[in-house]
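Input: one structure, supplied below.
Per-chain residue numbering starts at 1, and chain names A, B, C, D, E, F, G and H are given in the order in which the chains are listed.
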Amino acid sequence: MTHQLIQTRVHGRGGQGVVTAAELIALAAFYEGKESQAFPFFGVERSGAPIMAFARISNHKIKTREQVYHPDYLIIQDDSLIYDAGILSGCLANTKILINSSKNQAEIFQEFKKASKSNKQILKIKIENIYTTPATEIALEFIGRNIVNTVILGALAKHGTLFSLESLKKAITYKLSTKGANILQKNLAATEKIYATS
Amino acid sequence: MRPVSKPASSLNNKTGSWRVYKPETDYNICIGCSLCAKLCPDACINMEAQKNMAGKLKPETDYDYCKGCGLCAKECPVKAIKMVKDF
Amino acid sequence: MINKNTKKFISPGHNACAGCGELSAAQAVMRGLNEKVIIANATGCLEVTTTSYPESAWGLPWIHSLFENAASVASGILAALKQKGDLETKVIVQGGDGGTYDIGIGLISGMWERGENILYICFDTEAYSNTGIQASGATPYGAATTTTPNGLTSIGSTTRKKDMLGIALAHGVKYVAQSTAGFPDDITNKVKKALTINGPAYIQILCPCIPGWKINYDEAAMMAKLAAQTGLYPLLEYLDGKLITSSVTATFKPVVVNDYLKGQGRFSHLKDEDLKMIQKIADENVAKYKI
Amino acid sequence: MKNNNKQLLEGSRAIALTIKAIKPGVVSAYPITPQTHIVEDLAKFKAEGQEPYEYVRAESEFAAASIVLGASATGARTYSATSSQGLLLMAEVIYNISGNRLPVVMTVANRAVSAPINIWNDHSDIMGMRDAGAILLFAENHQEAIDQHVLAYKIAESLSLPVFVNVDGFITTHSYESCEIPSSKLVAKFLPTYKAKKGEFLDPQNPITMGVFAGPEYYFDFRRTLQNDLLSSAKLIETEYKRWKNIFPTDKKEAAVKIDNGLIEYYGPKNPKTVLVTLGSVAGTIKQVIDDNGVKNSTGLLKVRCYRPFPEKAIKQALKGVKQVITIEKAYGLGHEAPLCSDLAVTLYGEKTKLKSHIVGLGGQDVTEKEISKIIKTYETV
Amino acid sequence: MKNNNKQLLEGSRAIALTIKAIKPGVVSAYPITPQTHIVEDLAKFKAEGQEPYEYVRAESEFAAASIVLGASATGARTYSATSSQGLLLMAEVIYNISGNRLPVVMTVANRAVSAPINIWNDHSDIMGMRDAGAILLFAENHQEAIDQHVLAYKIAESLSLPVFVNVDGFITTHSYESCEIPSSKLVAKFLPTYKAKKGEFLDPQNPITMGVFAGPEYYFDFRRTLQNDLLSSAKLIETEYKRWKNIFPTDKKEAAVKIDNGLIEYYGPKNPKTVLVTLGSVAGTIKQVIDDNGVKNSTGLLKVRCYRPFPEKAIKQALKGVKQVITIEKAYGLGHEAPLCSDLAVTLYGEKTKLKSHIVGLGGQDVTEKEISKIIKTYETV
Amino acid sequence: MINKNTKKFISPGHNACAGCGELSAAQAVMRGLNEKVIIANATGCLEVTTTSYPESAWGLPWIHSLFENAASVASGILAALKQKGDLETKVIVQGGDGGTYDIGIGLISGMWERGENILYICFDTEAYSNTGIQASGATPYGAATTTTPNGLTSIGSTTRKKDMLGIALAHGVKYVAQSTAGFPDDITNKVKKALTINGPAYIQILCPCIPGWKINYDEAAMMAKLAAQTGLYPLLEYLDGKLITSSVTATFKPVVVNDYLKGQGRFSHLKDEDLKMIQKIADENVAKYKI
Amino acid sequence: MRPVSKPASSLNNKTGSWRVYKPETDYNICIGCSLCAKLCPDACINMEAQKNMAGKLKPETDYDYCKGCGLCAKECPVKAIKMVKDF
Amino acid sequence: MTHQLIQTRVHGRGGQGVVTAAELIALAAFYEGKESQAFPFFGVERSGAPIMAFARISNHKIKTREQVYHPDYLIIQDDSLIYDAGILSGCLANTKILINSSKNQAEIFQEFKKASKSNKQILKIKIENIYTTPATEIALEFIGRNIVNTVILGALAKHGTLFSLESLKKAITYKLSTKGANILQKNLAATEKIYATS
């Protein structure tokens, strides 16, 4: 078994469940027998402010505690974050980017281009590594609120190699168990839907 | 090095990037009452004098800082402010 | 009045939650102040969100030391001003309900006992907002917080709000007032009035907190108005121990408390009997504060 | 291969569940980031009616510490948790708890101290209390934190001494990783129900006077006893840890781990030229760097699990013959050398070993593998 | 031969008169034995209308420390005094004062800490605060206390750092001996009227924000600066002490005194085999023993006047070639070695010198000449 | 009642000053207690003089921790008793005026806010007796203490006593009472009554201090009686916020304050106008506490 | 070794040595009212039953502890107690 | 100049000015150009309880801080203290004892004998080294209160070799300066009287 370490960074806004998204990633992988780790980067900012969290998955015990500087996966919960200066920090040609947006791959790439110009940064990511998913639409349709943190992971299950839909559903079930059956079902349905349509 | 900062230096921190929805004011409806400006937690509505308007003040939103909370819109007595998706 | 040329004592660019009731109220407080002021601020949202180095939102001389000692720091400031012969600059303390009702109350009592000419302003979010909404002495009956969660055997907070106004009055504080973030002009006016008092003054302002109360970003002012309208948090003024103004006038028609509670996530678990208990508290207030 | 009892948990939750399994009688704490999640979880368990402990809402850390002091003096098993400013505010009470020989157990979610105020991790808070008479354990990760909390009660109640378990704020308290929580039944096997000894607690049946005034003829003896009991507790920590891990084995021993007991862990090659010595979670990052260095590596890691009492004997033995020792520390000793390095200077005094300290990660500055590598390289070339 | 400006004074009175000559702007303190006489004297001077300082009655030490913090932040020269429990209660504020770089000067009348409660002298109180970022001076006798208070303000205000002058409770504060108080005019020559720098204090003309929140990107820098400033203050302490004693010479230099500067004093033979190292008043008793031993004596005394920053360079040099160093300390390092001995282990690390600590006089146990002689004899025969 | 076979909860052999008013009052308190009691005691004369190791005067389970935290220690004791299922043992806090009015007030406020069934007894010597008579928040106007000495520019203490009873009442303390060391049976009875209260109770007792008041060894009781007779320190009882008994009855004939002040060294420097001021305070009390 | 003491162990501390004046009670005057016993800060007056005295209690001063403050003498309603030099 | 160190221990009761007595001894010697030192031994005891204080006088700088274990002079402010167990601790054949009492040398020696028997101690002091002085009587006569701490030192000036009456008066004058001229004069008169009659 070769040493395989996959690092993910999740970007979102305070109040959108960014840390939960990272936790779910780690949890889904954990259910598949992998070693995993998730942790937040906390600032002083509050509800509405951009924040991020990290997840690591490996087939070895994860010992390091440093933050994720070169993510294999970048998850963006809200396309308005594209203009945030730090969003692509450490992203390389092979970084896969999953973004909640009703725009398509090409449009998003254009946005990134614009943003990196205005931030005076060099754009290293590749257009073919961008995946867009309309998580907000689906969340509104299925859950009735713009809570995309579980939903967007359905697309990750599809596009990524981190975990299966089943493991994700198991993770969501565990995490939302205290919220009542109704909320849980809606979330699972939304996740399945996004998986199916991604 | 002292843990001391200059006054009003938070102006360097453009919190407009937090915004998802954006307040847009319909100046035809607005009566210039200043309530929105008084309530805004981010002090980013300025009531400006307008030419030829007999002292009626015009609320100007500073989008560099407006976080899009919608408080102004909710409290405007004449519903002159609308929140619209900002992207 | 508020325009591009106004000197804002709290500038935009701070990091408070979008729609924060505490910052909204603080802006109203600032409009009551002038430049001959020094502020000592306790730890809490108002401090943390406004002073992230190297940036600060403050436009007045301002200091934060600790969570619990703002009152004593203010006494020190006052002594230094006195010693310099500066009798004009007003010293103001700002603290949250946690810093005021709980951890700071001993030092506030000491400050009041010294009879010093200091204005204390309490921004009451009814919880420790800054650390994630734990219960404070100001948390009302029935509110769920992270340390008084509702659950099988719990309705949330089982204690009522500490009577800080009563405690201030027992200390002989000259001017004691209460307002809410729904009435910015009322806040500004009370602050202006307090500046004219020579001696201890205390103003307490109810500040709805977005994540704390589990309300929408745009609801702080609405909730703060309802708090006064139900009688749970009336607008009040005491001078030399006498109630001189109150929103509970002879013609006051209270809104039922449910209209106030139902929109707040922190109360969403309450049962009818709990609502009745809270209505009783409101009714008691109406009787107590009627003018 | 996989341990099926493992769960992926937030560090705070892991600690809260462990405390629940330990069954304290009285819990009191005051919220402060990054300790909050632990006590919020304990409040939640209580609100769900699951737990018989009394949960006393304190109005300050000074009060919280005094409440557990009073409860402990009345014979209850107690729990508290704090951090940074909260720990400093407790200072006078902590000295009093140890002086009164009360087995209070507390989690310290280590965080920087003010001014300037900063909510992130370093060890300045607990280092300021290292002489206060409490036993101090440091956990690298969730599993260690779990084990050390169980151990803490065992030691505290055996010796009538306070024990504080240190976990890195955010890094440990707010991170998710896999770990195993012992059942309360298993815990009970190791840690019997607490019964304070007759004549040593507040009891209407036996009305003793506690917290007396001691004049110059007596005071020194109390202190001497305290110091001796602290120093000799190292032995008990070692044996009880071993017992516990026999009852509750969780992870396979890795090859790189050459020493692994309640006091220290050594990770690395057999005859290292250089050893980094550290406390807490940064040990993980150092291990990663050692792993990545592969065979060419001549650097080892000594992780100090028990910092007070300082396990002189165990450390001296582990570092025998090592050419250079570098401490990786998260606190200054303001006005002189850093604490861990000072402790090692005492321990290694007279040896040929070179000794240096490196301060890292103050106020939550991320300690990167690169930074560690660089430190190692600097010394490899010496 | 006799200095005619000398007076026979109680130690507390000597300190209070010195503070009066220094002309602070704001004084605030809370009573605690054995500090009380100092602040009572200052209240008396004020009541007699002699003094222009504001005297603020605090309701706790936490408040007193916060009051001088606030006053200092507003640009006033401040004074406080405390002891034992009071110092511990101030802990959080003290860290805050140093972090905020405020030149607060405080007298600590050293006393044992509770539990058990004991009002007599030892150094456990201040040792618990040795990492709090304040400069710590220790006085042997009244004259040193007087000089160190003047020096304290000079250093504090030059470097924006708090300075605490430690005097032994009762032994120094309540004893009467001859000493000379400098006139306020003389003090003013050395210590100009304090004027806080523009943009560094609370001032409506220049509305800065003090006590900010610093994230991980900034916090470390603040701490590093503080540590560097503390370490480099040793130099200034040395030069300013020299300047002051030139302006204000009080006692003839004794032959036995071979080194005498702001950081340390060495008393004894030229090439000692053994050196006792100590802090505070017990130095006097040790000198007596050395004197009484007469010519056969091969033991010297190194008195550390400035304990934080720890004057590594000066001490290393003074102890060069010494066979054995014994610390005589009034505090345990609970759970490990005593503080002064630990500091010396760092300082002498790599040297051949033997090092041992002796704890004496805890909780006011009288340190007798006999006890000191015995310690010396034990090592003479090694 | 008091005989060789009585179990004395404070035994002879303690080290308080000869004639100490505080210990005299404490003996009266003890006679109101029974054996199902645990006491948490703040630092102060009552503690220092009774517990010099290896000897203790106490006959009840008793703990001293610090000067300021006795109230919290009591909360901890109560929690431990509750958890053990012991609902019978009463928890009592004892503190001096310094420990109560000043350094301990924050923690007392917290205890009261929790609404716990704890009886707090304040032994009010009107100064920090244990450390040599420094002023506290309970020091009356005009009293010379070592930190408020009289002098050319000073009449001694310039502040009036903090209104601790008022503060207790503002906290909703169920039973609030006041007595003096001149009335031992009154003290004993109030303590007995307080034991029957389920909830927070507060009793404050004026205790003349020999060196503190500069009175003769045999004058503690006399002075304590005069304090009540002048109206400066009436005997009072509040239940649920209502004044139920008071020594200031309709027929109350106050002794002039000078009769009380003149025998005390701490007041010997006062001038006529100061005496008038103190007479005014007594008169105000008489009006306030008349039943 | 714990900072704990046994109850009532202060009885080992014979504070009678503090005394300069000594209270002497004239039992002919004494009416047995107990006030002296209630006020004594040192709890060293015991009211003992007397034979053939119809329940009239007799105050017995324990001179092992009496510090000679004179409070009892001062407050005795019938002045039954006299303070006399004790050496 | 030979090294000469004279050590004094003062016994009295809390409230009787024991520490002041030690201070006055040091002060009087100081006025004579000698080095001196005085310090209390404080216990927890209060007004009325037996306490003590120390003084040292020398022609050299006094460095030691230890308590006085073998006093050259023992001063007892109150003869009721004779029965205090520790009162003669460290007193040797040459210790001079000055005691406030209306009794005479022989009577006091008898008392000491009785006391040491009941305390099971060996009596080392010599009768000829006992000096009694009726300080209370004189204090009551001149000052009107039983404050003997200044008065008794008048006898010490006479019997001892520590300082002259002049120096003592200077010391008293300094110490009582804040108490008003009246009190000062009375104290001085009492001190002179005792000196004259001792």
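Rule of thumb we're sticking to: contacts are C-beta pairs under 8 Å (C-beta built on N, C-alpha and C of every residue); 3 or more make two chains touch, one makes a residue touch a chain.
This one's a predicted model, so the numbers in the text were calculated from it and none came from an experiment.
Centroid analysis (C-alpha atoms only) places A farthest from subunit H.
Two chains share more touching C-beta pairs than any other pair, namely D-E. Put simply, the C-alpha centre of subunit B and that of subunit H have 83 angstrom between them. Averaged C-alpha coordinates give centres for subunit C and subunit H that are 64 Å from one another. Per-chain Cα centroids separate subunit A from subunit E by 57 Å.
If each chain is reduced to the centroid of its CA atoms, subunit E and subunit F end up 39 Å from each other.
Shown for subunit B are the residues in touch with two or more other chains, namely 3, 5-7, 15, 18-19, 67-69.
For subunit C, the set of residues touching two or more other chains reads 15-20, 48, 51-54, 56, 58-60, 64-66, 68, 101-103, 105-107, 109-110, 113-114, 137, 217.
Chain contacts: subunit A has residues 43-44, 48-49 touching two or more partner chains. Within the complex formed with subunit D, the residues of subunit A that make contact are 19, 22-23, 26-27, 30, 33, 35-40, 42, 44, 61-67, 69. Per the touch definition, subunit E reaches subunit H in the complex via residues 2, 8, 10, 119-120, 170-171, 174-178, 254, 281-282, 284-285, 287-288, 291, 366-369.
The touching residues of subunit B, when paired with subunit A in their complex, are 15, 17-20, 67-69, 86-87. Of all the residues in subunit B, the ones that touch subunit E in their complex are 1-7. The residues of subunit E lying in touch with subunit D in their complex are 85, 88-89, 91-92, 95-96, 98-100, 112-118, 120, 124, 127-133, 135-136, 211-220, 222-224, 226-227, 230-231, 308-310, 312, 331-337, 339, 341-343, 345-346, 348-350, 354-355, 361-366.
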